[in-house]
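A, B, C, D, E and F are the chain letters, set down in written order, and residue numbers restart from 1 in every chain.
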Amino acid sequence: MLAVARGTSSIARTKRDLKVFSGTAHPTLARAICHKLGISLGKSEVRKFSNDNIFVRILENVREKDCFVVQPSCPPVNDGLMELFIMIDALKSASARRVTAVMPYYPYVRSDKKDEPRISVAARLVADLLEAAGADRVLTMTLHSEQVQGFFHVPVDQLSAVQLVCRHFRRKDLSKAVVIAPDAGSAKRAGRYAERLGLPLAVADKRRSGAHDDTSRFERIVGDVDGKDVLMFDDEIATGGSMLGLLAYLRQEHNVGKVYAGAAHGVLCGDAVERLEASSFEQIVITDSVPLPRKKRSEKIKVVSAAPLLARAIYNIHTGASVSALFT
Amino acid sequence: MLAVARGTSSIARTKRDLKVFSGTAHPTLARAICHKLGISLGKSEVRKFSNDNIFVRILENVREKDCFVVQPSCPPVNDGLMELFIMIDALKSASARRVTAVMPYYPYVRSDKKDEPRISVAARLVADLLEAAGADRVLTMTLHSEQVQGFFHVPVDQLSAVQLVCRHFRRKDLSKAVVIAPDAGSAKRAGRYAERLGLPLAVADKRRSGAHDDTSRFERIVGDVDGKDVLMFDDEIATGGSMLGLLAYLRQEHNVGKVYAGAAHGVLCGDAVERLEASSFEQIVITDSVPLPRKKRSEKIKVVSAAPLLARAIYNIHTGASVSALFT
Amino acid sequence: MLAVARGTSSIARTKRDLKVFSGTAHPTLARAICHKLGISLGKSEVRKFSNDNIFVRILENVREKDCFVVQPSCPPVNDGLMELFIMIDALKSASARRVTAVMPYYPYVRSDKKDEPRISVAARLVADLLEAAGADRVLTMTLHSEQVQGFFHVPVDQLSAVQLVCRHFRRKDLSKAVVIAPDAGSAKRAGRYAERLGLPLAVADKRRSGAHDDTSRFERIVGDVDGKDVLMFDDEIATGGSMLGLLAYLRQEHNVGKVYAGAAHGVLCGDAVERLEASSFEQIVITDSVPLPRKKRSEKIKVVSAAPLLARAIYNIHTGASVSALFT
Amino acid sequence: MLAVARGTSSIARTKRDLKVFSGTAHPTLARAICHKLGISLGKSEVRKFSNDNIFVRILENVREKDCFVVQPSCPPVNDGLMELFIMIDALKSASARRVTAVMPYYPYVRSDKKDEPRISVAARLVADLLEAAGADRVLTMTLHSEQVQGFFHVPVDQLSAVQLVCRHFRRKDLSKAVVIAPDAGSAKRAGRYAERLGLPLAVADKRRSGAHDDTSRFERIVGDVDGKDVLMFDDEIATGGSMLGLLAYLRQEHNVGKVYAGAAHGVLCGDAVERLEASSFEQIVITDSVPLPRKKRSEKIKVVSAAPLLARAIYNIHTGASVSALFT
Amino acid sequence: MLAVARGTSSIARTKRDLKVFSGTAHPTLARAICHKLGISLGKSEVRKFSNDNIFVRILENVREKDCFVVQPSCPPVNDGLMELFIMIDALKSASARRVTAVMPYYPYVRSDKKDEPRISVAARLVADLLEAAGADRVLTMTLHSEQVQGFFHVPVDQLSAVQLVCRHFRRKDLSKAVVIAPDAGSAKRAGRYAERLGLPLAVADKRRSGAHDDTSRFERIVGDVDGKDVLMFDDEIATGGSMLGLLAYLRQEHNVGKVYAGAAHGVLCGDAVERLEASSFEQIVITDSVPLPRKKRSEKIKVVSAAPLLARAIYNIHTGASVSALFT
Amino acid sequence: MLAVARGTSSIARTKRDLKVFSGTAHPTLARAICHKLGISLGKSEVRKFSNDNIFVRILENVREKDCFVVQPSCPPVNDGLMELFIMIDALKSASARRVTAVMPYYPYVRSDKKDEPRISVAARLVADLLEAAGADRVLTMTLHSEQVQGFFHVPVDQLSAVQLVCRHFRRKDLSKAVVIAPDAGSAKRAGRYAERLGLPLAVADKRRSGAHDDTSRFERIVGDVDGKDVLMFDDEIATGGSMLGLLAYLRQEHNVGKVYAGAAHGVLCGDAVERLEASSFEQIVITDSVPLPRKKRSEKIKVVSAAPLLARAIYNIHTGASVSALFT
């Protein structure tokens, strides 16, 4: 429960007006958020017709209510997105006062620029589609690039997973540790972890064969890692290919100690979990922004919950309190 | 090839400016349309990243070109839709002069009204999303209800499959045939077939238990079907449940002769093909607006191609000739 | 007065913020609604300059108020529409918090599809114009087709007149009655009356000469009407031509008993009232969604008031209570 | 015919692409414009259903055509406006390349400011509605205030009737003439006539009782009119009340010679024609921007045709030639 | 302090929700407004980077707050405008409930019409840009032409400086005074002062050489000024050129007594102050809508504060009380 | 002149339709572009009124023309922006067919994210304002972050200055050179130069005291620079502070050889030129995207012209040829 510095009646009113709904993407997270808020999850029905069309029905009155829909991106990504659009439309046409899309992991987030001719900046397209569907606000966490926030005309609150992940590492002995960025593009992002943990930074100088080629080749490590424990940070771990590749390179070319990985989003597609488990990583730390079946969790893959942070942000958005105060 | 009443140079110019692209939903149809138009299919790359995000790249210059994207709705429906949005966005941001979404079978077409509280008119939402993605026009065929055309602000050309399907039935002996509408809601639609074939109309009086309940119960047949051959028409055949149910009812309660079914769209989801094959239907006639694997086609399930009609419509849209002239 | 489960002060506050205005179309209905709500009609001035331009002035402060403008469609239709647009604009630019257009009978409602080339879907156009004028919501009743609701981007509440009209018929002896739809297009609509009254359904199979030709010819009655009392239902009665034609056909070709007519909207244009009075209809039941001069009412033309239903809907919209709860 | 400095084939192409349609407001003007352009009037059908709803059908293919709809404002003003909106919508949804509303006399033009609380700037509202209906451009003549042009987001060409009207007065003996503005608000407008005719200016100092009160009282004439012939100019003559009142005041309080009146728009509502005929005005000069039945014209009420100017403007808009060159 | 007829708790709530911010244009005015409202000025930081780009940071939480940004137009005009756009955007993306641009002197207000070919109606463009930046309302004072209010889609409250300026003149002996309009275009505006002060009106008949030529030539004075004290009124005094020119003409051609000038906006650019001080004007009365350094004020240039009027308007907008009541 | 593979008549037509205008920001660049295109610069008048308001007049007919306005960002930045908005608006309302804003250096480009609470993503705001003013396209070069392209809904072509700058360095002896990124955030950008020149990459690990604090402190150089020639690359050089600081650090802490700097945009504000001239930089290479007075150029500050690349891009946009082909 949140500690709330208000009179009881005011809280009661707040609770009558605040509604949190969940799509089918991550109901566990939605329930955890509601638990923190001390409210029940909003009632809705989401199913597919035999022709693969999604049907959504909101099962309680939402007129003049302040509604939040929890739907991070996870496979099947496009079903999740259309479901979100349809839920938002259903809520708005049912006269909800305000609808906030809660997308801790934002879909198509890496398609944030036009680095080849005749492609779509799909992260921007998704922003347009969300607004066309009627979203009044967005609440998200650790975007791949901060500029994505500028793709929206509606207000966006971006939370940061850096604190959540660092809090876990602080308990460890970091006396001879170094933070490494898996490539030049993530140097700034890794730098933020380094600053918070008070550690030096190294950057892997990596050259990809083509723009969308998953294979890549490390040229060298820029910075000093020999004899050090290494903390690798990125915004997300998808196939795990980049991080595993860097791990192998470090083990082969350098004399490194323990190697950890950390990321905001554990996308973990394909056999990523199995490969990470089998690796020489000491531990991988992620948040629960993307659903990970409980059975796939282990000591090695540590999941930190973002639910308390999301709940606080929702509460502050709802009551008009500062959200930036949450991450400074 | 279309017979074109113009000088050669003018056709040549036309062909340079006209581009037809295909998403992954129904490339066979797109190729058939291009064959009729005497042009090659536009080059594009559509694939999925490991994280289930779609990536689209247009592989030829489309600046100032008149582009058509062929993408009817078929499972996986939402992948097909997002793919279409992304292709349209990629074409528009690559400075295409005009992008027309060619959707012979329109997605979410039956979600065209708010017959329950707090649901989405998803057919309208899809129209909004298409416009947000940048579609300048839509070309479609036989919408579930004609009002769906009004959901768009951009011009929509709606072709009719009635002619295509009727042409097939005209070759048969219809001397003692009657047209039947599977329920009151489709009476008007079936009436159009009856008018064109010069046959009387009957209507099945059917009561559903609930709004989205697939189970249903026939009360009676309004009109005279005993001793008659029966032609059942609807806009689409999805599971085939409605039509098979009516067939069973007719066989049990009435003394009917041969029974045929016809529809614009052979959605044929689940084991619809198998069940129709096993039924006492004489024949089912549909168009190729939705892809049907060639191996699933048979004498019983007759597929009439809509490609010539679509090609003519595209040609007329491109050259500014009348499209309504095609279906009167 | 509405029974309201709230404390007195809360009602008082509600009454300060809620304003109902009337255009010149149907002030009687507006006053009846206000009477039910226990408030006075908002003060406004509407008149025409000598050059036929409409002038509207709102005569009381409406800043931050929740305003409703009652203006159903009735001749002169276009004066009524422009007047509504101008009132909405005047209210919005006077800083009204929200403006809801209350249009129990929606204008141009039958122009809901493009069934001929190069015509306007005028019902959709009117929706666009309402939104351009600044309408935040619409409250309407029994649209000709349910899809019209999808023509709006702002929330629309559609009430149903079926209950109001059926309530009247329930008092009669319906033991040998049948419901008839005047043509295939209204089969679904008539079916809803049949279901609510628990009566069988028949459909008149009627062929029009042309799309907009008022003359028409009945082919046959699909279903059993001989020896029965007949209840004819449609969404509106305009000239009465369709219903009188069907009545004549029934009297000539079938042995029917008493014949009743019912509709949501008594448009009753031209000499419709006189012709209906002179006919063999037992009774015609309509609501007061369209103004009917009191002198034209009689035992034969029974007008059921929609004011209580509209007042409840306005109250629930204003207070954020469920509107769908009103018609289930 | 316009003298056109181009090759024949180019003109032929131009004529294929240019379409001029007329609403029911002023077909005489539309035909005169078409005659000047050497093209036939576009075929359309406009009528009213029995329920007072307007129905419009465009009877020829307009795909990719450059369409102009001639519809000045005249009673019944709101029928004319809705008809125009519907025609524009029909043309746009029929894929017209561009639709220009040709409104030589613009409706609601005097409602161009908010000089009382809680009124609508209806001239601006009409601009919004025209854009919502799909108008791509507007062609108008002599707006009441020049700022009205700024109410539009689409390009507006405003022609001036000053030349047309002055040309007529130049033939007269103006040696002892003075131009008078009927009130302070029209001083600038009358000044433009004075400058073009090289005459001195006087202003009637008039005080109205209320903002919309048609009665008014002249305080004095600011400037010298005694012993002079007087030319009174305004943008429009509606009831004629202002001008007749000033005439009476001049005759009573000053020793004036012949008195003439001139205006761009002869709205002439009510018994204006009769009252002007019966007055001591020497002559009243107007254009045919608003229809005036031929029988009402006389030597006293001189109508100068704006058709040649409108035709040239349409031709220049269509071919991309300068329009401003027409009025300098 | 405003006298407020409400309970204490309600005022307290009001004060929590109301925020007034200032750009760098006129902080003195903003502080005076806040003083009248009894609140502190909102905290913000506005500065320029070395590359001349403006940076704005709002230094207190504004979620769900009702924010007003005081920024009249004054040199450097375009810096002030961009600063205003950026402040509005910062407030909106920080989730302010509503942002009102308080622009007592509106920028580009004289560019309100297209009196030459191919120019911008810049006053309209600024309205579009303000709306694009996210402004929800505008509060302004004495626009050059009243039609400018119609350039906005958001609600605009226009206050009038006539009262403020006239109040000052009422204390003087006006027994032989006449009001003069500096040219025909300002006759209506000056007429409003004349009506309020109960004085006769004269108009200077002035011909400019070109549309934007600052040099001009007086033809004559229309009306009687000899032997009179003269009050010259306009909406603004920029270079003072027009008024000084008229003063010189009056002194040379007519036998006038004391001459005063009054205007809503003392733009006073270039050496206007010096030239006015050196002139034979008895006094010049303006408001503080545009900042005038205190040292430049004198007995001759009298500045009446608009702060009390603006504060009342802000308070009434905030609380939903009538604003029009303030100026009648 | 561009080599153009077309017939003469076609080029002639092209030249009639293509217009390039210049604001006051960088007429030298605009003229150089026109020279390359073989056309004259479009005639326009841009000046300021005495009240600091900008006035723009387009002095030639632009109806149906394809117009480009060259206006990179340079001090006074906000004057340049407002001037651009006004020019675009003037062109659009003068019926230009298409207006492309040519902004080689994009204003507010570094305000591309919300890295502090309650600030504006001003680069996005500028995109919104450009679209509100009527821009149909944007042509720019080397944006600070590639995501800025996604801030637009209209098509954007982004050219790259990497080639232009690298071409200059290729002539030098790079056998023992290393590329260095001035901070982690520019590592990716510098990496592109390193790849094109085939050189290794180093990154300066720099910690700023605050988000907008210009003072900063280098922790270490990540990578090997001792004994090497160093090439420092960034997107722009503003005050030069970052680069000069790094130069000093390299000289003090490392044994480096020649040090060069390169950037797309030579903003060079304040006394940047003087400081760079006085430094131990061997050479600084920039393009002419921002105006640099000829007298300030020297052997040390080498300016490469972007005019040929911009001219080619404009030509290809105008004729519908591929623009991406220009930079691959």
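Everything below uses one rule, namely that a contact is a pair of C-beta atoms (placed from the backbone, for glycine too) under 8 Å apart; a residue touches a chain by one contact, two chains touch by 3 or more.
Quick caveat: nothing in here was measured; it's all calculated off a predicted structure.
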item	value
If a chain touches chain E and chain F alike, it appears here	A, D
Distance between the centres, which are taken as Cα means, of chain C and chain A, whole angstrom	50
CA centroid of chain A to CA centroid of chain D, Å	62
Shared-contact residues (touching 2 or more other chains) in chain D	93-94, 114, 117-118, 121, 128, 322
Inter-chain touch pairs (all)	A-B, A-C, A-E, A-F, B-C, B-D, B-F, C-D, C-E, D-E, D-F, E-F
Partner chain A, residues of chain F touching it in the complex	112-115, 117-118, 121, 123-124, 128, 145-151, 153, 158, 181, 184-185, 187-188, 190-191, 195, 200-203, 205, 207, 219-220, 222-223, 322, 324, 328
In the complex, chain C residues that touch chain E	61, 63-65, 92-95
Contact footprint of chain C on chain E as seen in their complex	137, 155-156, 316-317, 320-323, 325
Contact footprint of chain C on chain D as seen in their complex	49-59, 62, 74-79, 81-83, 85-87, 89-91, 93-94, 107-108, 110-111, 114, 116-122, 125, 128-129, 131-133, 212, 214, 238-239, 267, 269-270
